[in-house]
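Chain naming follows the written order as A, B, C and D, and within any one chain the residues start at number 1.
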Amino acid sequence: MPKPDDKQLQMILEDMVIARTQAGRLWNLQRQGQVGTIAPIDGHEAAIVGAVHALETESDWVLPQYREPLGLRRYGAEVLDTFMLYNLGHPAGGHIPEPIKVAPSQISLGASIPHAVGLAWGMSLKDEPGVVLVFFGDGASSEGDFYEAGNLAGVLKAPVILFCINNQWAISTPTHLQTAADSFSSKAEAFGIPGVTVDGNDPAAVYEAVFNARKRATSGKGPTLIEATVYRLGAHTTADDPTRYVPSDDLSAAQEKDPVHTLTQDLKNRNLWNDTKQNEVETAALERLDEAFERAKNTPLLPNSLMDHCFVSDTSRQLRQRSMLMDSMGNANE
Amino acid sequence: MPKPDDKQLQMILEDMVIARTQAGRLWNLQRQGQVGTIAPIDGHEAAIVGAVHALETESDWVLPQYREPLGLRRYGAEVLDTFMLYNLGHPAGGHIPEPIKVAPSQISLGASIPHAVGLAWGMSLKDEPGVVLVFFGDGASSEGDFYEAGNLAGVLKAPVILFCINNQWAISTPTHLQTAADSFSSKAEAFGIPGVTVDGNDPAAVYEAVFNARKRATSGKGPTLIEATVYRLGAHTTADDPTRYVPSDDLSAAQEKDPVHTLTQDLKNRNLWNDTKQNEVETAALERLDEAFERAKNTPLLPNSLMDHCFVSDTSRQLRQRSMLMDSMGNANE
Amino acid sequence: MQMSNKVSELSMLEAINETLHSEMARDERVVVLGEDVGRNGGVFRATEGLIEKFGERRVVDTPISEAAIAGSAVGLAMAGLVPVVEIQFLGFSYQAMHQIAGQIARLRYRTQSRFEPQITIRAPFGGGVRTPELHSDSLEAQFANIPGLKIVMPSTAADAKGLLTSAIRDPDPVLFLEPLRGYRGIRDLVPDEDHLVPLGQANLVKKGDDVVIISWSYQVELSKRVAESLEGEGISAAVLDLRSIVPLDIEAVTEIVSHCGRAVVVQEAPETGGFASEIIATINDECFWSLEAPVARVSGFDVPYPVGMLENLYVPDETRIHSAVLKTMESG
Amino acid sequence: MQMSNKVSELSMLEAINETLHSEMARDERVVVLGEDVGRNGGVFRATEGLIEKFGERRVVDTPISEAAIAGSAVGLAMAGLVPVVEIQFLGFSYQAMHQIAGQIARLRYRTQSRFEPQITIRAPFGGGVRTPELHSDSLEAQFANIPGLKIVMPSTAADAKGLLTSAIRDPDPVLFLEPLRGYRGIRDLVPDEDHLVPLGQANLVKKGDDVVIISWSYQVELSKRVAESLEGEGISAAVLDLRSIVPLDIEAVTEIVSHCGRAVVVQEAPETGGFASEIIATINDECFWSLEAPVARVSGFDVPYPVGMLENLYVPDETRIHSAVLKTMESG
């Protein structure tokens, strides 16, 4: 049944509203200097949440770029908890605990795509069930990593879903300067795999595309490239000033199609959602974010963190550096 | 007039026969330990020579991979002379003299493709006429450089011809392990540019494809990806043993379609070629190769060659290294 | 005061932007390419105003393809243009390593000067501003081991102008590395007129007799502060700003180390294989006998560049430089 | 003679091939991937016979995509497999630099050990066999400045087996660099049984009292010959084979340098920023006071690795090592 039923749509909307609400609070926290640079999710909710709801969280991996974490709630509360540590610049922000099948954010554009292919390939070598879905942007699709990995995935028939969120911008670079291809999904031709473009503002369409790609992958037929077209409604990040380059007409037109508003309206019309529910969800989302934020702030920063986890055990030079560091911190505490 | 006329076909066959003949002699020289590793041209003659004959040597650049030099005779005698220096491991083997628009061999697979795009782009920025044709193999097409550069070329509408020689093998790797794409030319879809596959054993077909691509490029319409399908009739290089992996049936089938034999037969049938001509051309080709080889062997190796041409002028450390080197060479001569 | 002596107080970022403007105006062969360098003026505004002034043909927003950006610069140079490339953060030069190290650095050598790589690659790097991964890494030593690349690392706004001008006009490829912390954190007087600082000449920014602190890029700023505070403690510390690590001003290093007899080398990069090692090896080669104590090095640690909360522990600070100097003074 | 003491004379190539066979047999998580590693058995035959024995699922001929090869190894490791990657020549690791340096080396650190990069990358390199461009370059110093990578460079067939076994079993990523000249040019007695040489333990291959020659990989072979010939000249030269440059056996370096008081470091890489600098810096740190002369370094030159006819001038040979030792003996 590739289409999400009403119950699923309600859950999808709930996750979308939560993501949007928490993104707003996070933006404010950044403006107050409480967390580091943030890449807002606004406009991407349907694409991300719709995709994730078509996965089996127990068997399927998600490898995000950096805009997705707030949309991955379905994978467990730990995703948000870890994300808040990440936003603080805490080293534990890179460790989403077992058994959650979500990788931490990837800053190096495109670099996770070969990881996804290798992971999917490895799972199939081990005859493990499941697929890997890797998120990346229209901009990231220009990296050699995307192409090399997509081509490799095609040859290996790896159970991987290459999920390109085309939000029309790579920072200030519009898609027509990113590629002359007809669409990002048409790049699938180069890999000999199917490519589909879906309206990323329509979570049901996204769900369906991922559902089908998943089925294809798990039945040994190999990868699919999905392009979800959306519009980046916010800034690239808190460090960006989109008024320098985003035409305001384009933005207004896109706001008309805001995926959160559209689905809210739709479910309201069908009596599957109402303002009370909306308020409840928003309130709980903020409480949850604040709680995660507090917990993150109270997570001790172990003095060993700087030197730990480079190698399993220190080289002799690292040992010396570690003790030098401890000495100097001891001095600083005196 | 996209088709080569009979006169052109005769010139094409002449160049093909020369290439094949010289390749044989070069192979023997390598076997005698007189030159370094050689990548034979056998089977690629029609694709290379056919392509080059559709170019304007005064305005158009050729950036080879490593299998092409013997097929570039049309660009001038200096190409062979330089190639022989290259085969000896002489530093002057990298310097094809001005004004010949041919780059030296490229060992790093795919690496010349962005160069070609940049060069074509630069020529169009300077409003210079001409196009750039870059040769690369089916194997090289899997490098990120091919994809990144192809995509960039599409965006810039650079006057470049991406010429992929699909000889069915990348050393021992057959094309079905190289990509799952329907064809190498279908990768053009990813760049939003036209892609065509031509029979690389048919020099007229190759000529026509390059002629059309050139016209497209010079009229500002941008790049074309051409795939010329051939079969590698020889070893990958003198260091390779293809009997380990090339099915002998495939090889025999390919030998039936040997481009040099096919065109020879064709022109003979039409009284445009005969055995006398063939003998003349072969004899002259060998003489020419031997002459180039002798000249290369007699080209002095200047003691400064090791340190020259890194920077325009030495750093102080290089100066010290240079004098150390001169001292030790002085000592060695004593 | 003469025209040519006029100066303005600029941040390092402003000095870089101004230099790009004047070099593009001076030489029409100069083209600027990179991610977001056009309409957006660069994510740090280093290329601000260029596209408006010089147009879309000479100032090009590229796809996100570092290898194709660096690789196409080779072709642009072959066409006789002078590409000035921006890699958005130095860490992403890894994506272009085969083009930078394998192609750009060797173009002149492998073609015996048939082709000339007059290419400048600008990239920000360095710690202290809590950036995400791969934005802060100091990779200069990795590039220094690649023959054929010049590596320039200014520590002042005036030098940024003088060295970038030289870099763009230099017929050899130059990696021009800009400290993130210095973009707005460094301000000084910059000549308004054409200003050239030759590549390969270190700057003795502070004289001293007891010990010399040798560094480059933003660490010079910290070294100066330490050297000044040491005056109060009766230690006369010189500060040598290398300005470029390739070419390395071996003579300047030798002279000041021979004079002081003691040296501390400061870098942000990890200790193992960092460029400080090369400085120490050079001192060993050139003026071993004048050393009164082993040369000290202050470095990042041998772990990947860490997340924001750990950054202050990782990046050398005044305290660490200060105590390295004291230790060196006590030694021997 | 006990079973476990049996040895066979093998070339370094044979030792590597045998080790890959035994590690694949021992641990079914081990998979081998790379260009031409399957049907062809590798362009040097290092992976010969593996595909026949372990099948196409565990021995995979990949497309020519170094970045995807290294990058997919990260995913394979995340899946719990143990990838052993071949990069056909070390020079082409540049194409994968963003995956090796930016991802593999940091996987454990950035995920605080949620993911473990038990990945071995094998690659041949080094001069003396007149290869085309980028086949011979010694890039070890560039990798040594990337925290999170171990770098192993054997000089004997026995060590190749012992170190490769350790590398494959090591939970951290290891770059295992194989000298082209050693593939067939080095032969020695290799234990038939399981043989492990721990990573990070240098080998004092020859004792000596007057001077120590420190090197790694094929240059150890030359250094040994020089040291032996020096005996006849009345100079007692030790030879220290580092075996791995990360981890570096600082203790072994310190001990032998302190004992001899004089040292020569030999590398094939270009001088500037080569790993010899790091050895000299380490000696400066650890045993400066026992030095009786500056440490000498013998290196390639600061130019790109040259074409075949110039190779003999470029790569350090016995004559250059010999004269560096004599000069060091005369110094001070």
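Annotations for the structure displayed:
Convention: contacts are C-beta pairs under 8 Å (C-beta built on N, C-alpha and C of every residue); 3 or more make two chains touch, one makes a residue touch a chain.
What you are looking at is a predicted structure, and each value in this text was computed from that prediction instead of being measured.
A centroid comparison over C-alpha atoms places B as the chain most distant from chain A. C-beta contact counts were set side by side for B-D and A-D; A-D has more. Between chain B and chain D the centroid-to-centroid distance comes to 35 Å (mean Cα coordinates, whole Å).
Taking each chain's centre as the average of its CA atoms, chain A and chain B sit 44 Å apart.
Chain C and chain D, compared by their mean Cα positions, are separated by 31 Å.
Per-chain Cα centroids separate chain A from chain D by 39 Å. Touching of two or more other chains is recorded for residues 62-63, 65, 67-68, 91-92, 95, 98, 102, 109-110, 133-134, 147-148, 246, 248, 272, 301-304 of chain D.
Contacts with at least two other chains are made by residues 91, 94, 108, 142-145, 148, 151, 155, 177-179, 310, 315, 317 of chain B. Contact residues on chain D toward chain C in their complex (touch as defined above): 91-92, 94-95, 97-98, 101-102, 105-106, 109-110, 133-134, 139, 141-142, 144-148, 246, 248, 269-270, 272-278, 280-281, 284-285, 288-289, 291, 293-295, 297, 301-304, 332. The touching residues of chain A, counted against chain C in their complex, run 36-37, 66, 86, 88-91, 93-94, 107-110, 139-140, 142-145, 170-173, 177-179, 239-240, 244-245, 301, 305-307, 310, 315, 317-318, 321, 325, 328-329, 332. Touching chain B in their complex are the following residues of chain A: 142-148, 151, 154-155, 157, 176-182, 186-187, 189-193, 222. Within the complex formed with chain B, the chain D residues making contact are 35-36, 38-41, 43, 61-68, 91-92, 95, 130-135, 271-272, 301-304, 306-311, 313-314, 319-320, 323.
Partner chain B is touched in their complex by these residues of chain C: 31, 57-58, 60, 62-63, 65, 67-68, 70-81, 83, 98-99, 102-103, 108-115, 147-148, 150, 171-172, 200, 246-251.
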